[in-house]
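Worksheet for the structure shown next.
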């Protein structure tokens, strides 16, 4: 089981050689669930051993290794070398595309902020799930704005600094407008009554939101 | 915190020196109570490292020490030297007394794997109780293997890495006396001749079983 | 094993020593793990290598055991009896010369297989013992007592570019233009809706009444809604007139349109 050829116990009253004592201290410290005091070591090692000296040897042996022998209060323990702590973390990064619902919601918040959830739903034509809002909040791309001064005082959403950073924008005003979208071939060239309008020319449904648009 | 003066990370694309890789492998293995695979080491060490070589260095370093680096299947673990077990009485885990049926069933799975329940019963000449299998599964010593490609597609049992770890085996090939047993034909699944044999199942099972035996 | 039982067995006239031996064997039956285990134990009395064991002798030993057990009225599990029957068959085959042209395996083959099974079981027993005698984790050698858990950080990096954002917005705006109807639905009253309404109301309209009085509440303030609902209801009464359900009249151009239920 072990690679050692020599027997350990020499005699009943003679302490094992120091190298052997060091091995013993090493095994005990390794297997113990808690730091071990010198007294505990003495109690567990054969009679006549010198645990303090064995620890001193052991400590020197582990200098500069991946684990070190460290003192914890009155006791001793083996610990990962501080400079290797980063190895004890396993990080997995998963690249994922935002869902269509999330990116559309984000776009609406960006173009229409501050915007209420009801408005987002009206613009998208479908309900916005709680999860989508949460996800965008978690990503720190949108945050809560001021409450709208209308019945029910609904909360509004605005984009964050972090959003601007991520998309390389100085402010939400720098978002490409409808003309640029069309120039980029993202919109049809034929005139589209709704899409052509400047924000403040739109009908009364959105006018409340539009007056506050890009306010900050 | 550490006694080392040199910085670890040299450059983004250059692997750390082997001494450093050895330290890293040492830290990771010390930190884990479970065996760690080479693949897992590679995933946690910086890009370009050679964990297998680091392990070889590490193993040599711990020869004859109070703790040793041992191989468990595809993985590696630090374990106290077996000759020092008497010092660790405090750490000893009370082990459930296994029934004779459980011990024999375990041995049969280990030596004959992958093995079906019917085969275990044929070898022991008695039915294997559900409880015996459950107990060995609970101990995480055996697990389900692939289904046998014979009529009925019976499940097979194989031993786990945890089994190897528990009994200090590098692989199932290192089971005591396995070579002699195989040479003596005692690991053959020899079918009952003639009348006692089930029509066509037996032949298929035997050949499949033997070709898969110790396949890894 | 008290006297009443002994009385029962009186007729067997077993010598106490024999009976003790028999009982010792029987008491052990519980300890056997099936007939193969029992055979393995019996084979040890032959004191030979299992490869040279006399299966005939073993069969006789086993049958004698089963006979003794039944004499002692010990109920043996079915599989012990199955094995006894098979061994009796094997014994007869071993003793008699083979029938010419007999099919199936020879008695020797069957006997060899039984010997193999015993040897294999014995080998597994020994292997199990050697396995359990090994140094074991948590008893003879130990894992790290104070493992440092690896912190697992799972980071999901959601990516979206400005182009994604622009595309998404363009998609929404385009969608708006293609389905203004959906957006404005709350200002539109369809003819189907009006027809449905009128069908319910006309029952009460025995006298001539203005069409406008039939318009639903809340649809007369907003001009767009008023136009939509008026048009819908007008279309509805025309349809009903065609079916002969109502009469429609108008005094002059632009005068109020009046309706009443047509009597059947």
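Letters are used for the chains, namely A, B and C, taken in the order the chains are written, and counting of residues starts over at 1 for each.
Please note the rule applied: contacts are C-beta pairs under 8 Å (C-beta built on N, C-alpha and C of every residue); 3 or more make two chains touch, one makes a residue touch a chain.
If you're wondering where the values come from, they're calculated on a predicted model, not measured in any experiment.
Shared contacts of subunit B and subunit C, meaning chains that touch the two of them, come down to A. Of all chains, the one whose mean C-alpha position sits at the greatest distance from that of subunit C is A. Separation between the centroids of subunit B and subunit C, computed from CA atoms only, is 30 Å. Each chain gets a centre from the mean of its Cα atoms; for subunit A and subunit B, those two points are 35 Å apart. Contact with two or more other chains is made by residues 135, 140-145, 148-150 of subunit C.
Multi-chain contact residues, meaning those touching two or more other chains, occur in subunit B at positions 30-31, 44, 78, 80-82, 88, 91, 168. Looking at the complex, you find that subunit B touches subunit C at residues 30-34, 44, 77-82, 85, 88, 91-93, 95, 98, 100-101, 103-104, 106-108, 110-111, 122-127, 165-169, 175-177, 181, 184-186, 190, 192-196. Remark: subunit C residues 135, 140-146, 148-162, 164-177, 179-180, 182-183 touch subunit A in the complex.
The part of subunit C that touches subunit B in the complex is made up of residues 33-37, 39, 79, 104-105, 109-110, 113, 116-117, 119-121, 123-128, 130-132, 134-145, 147-150.
The touching residues of subunit A, counted against subunit B in their complex, run 1-4, 8, 22-28, 30-33, 44-45, 63-68, 78, 80-84, 87-88, 90.
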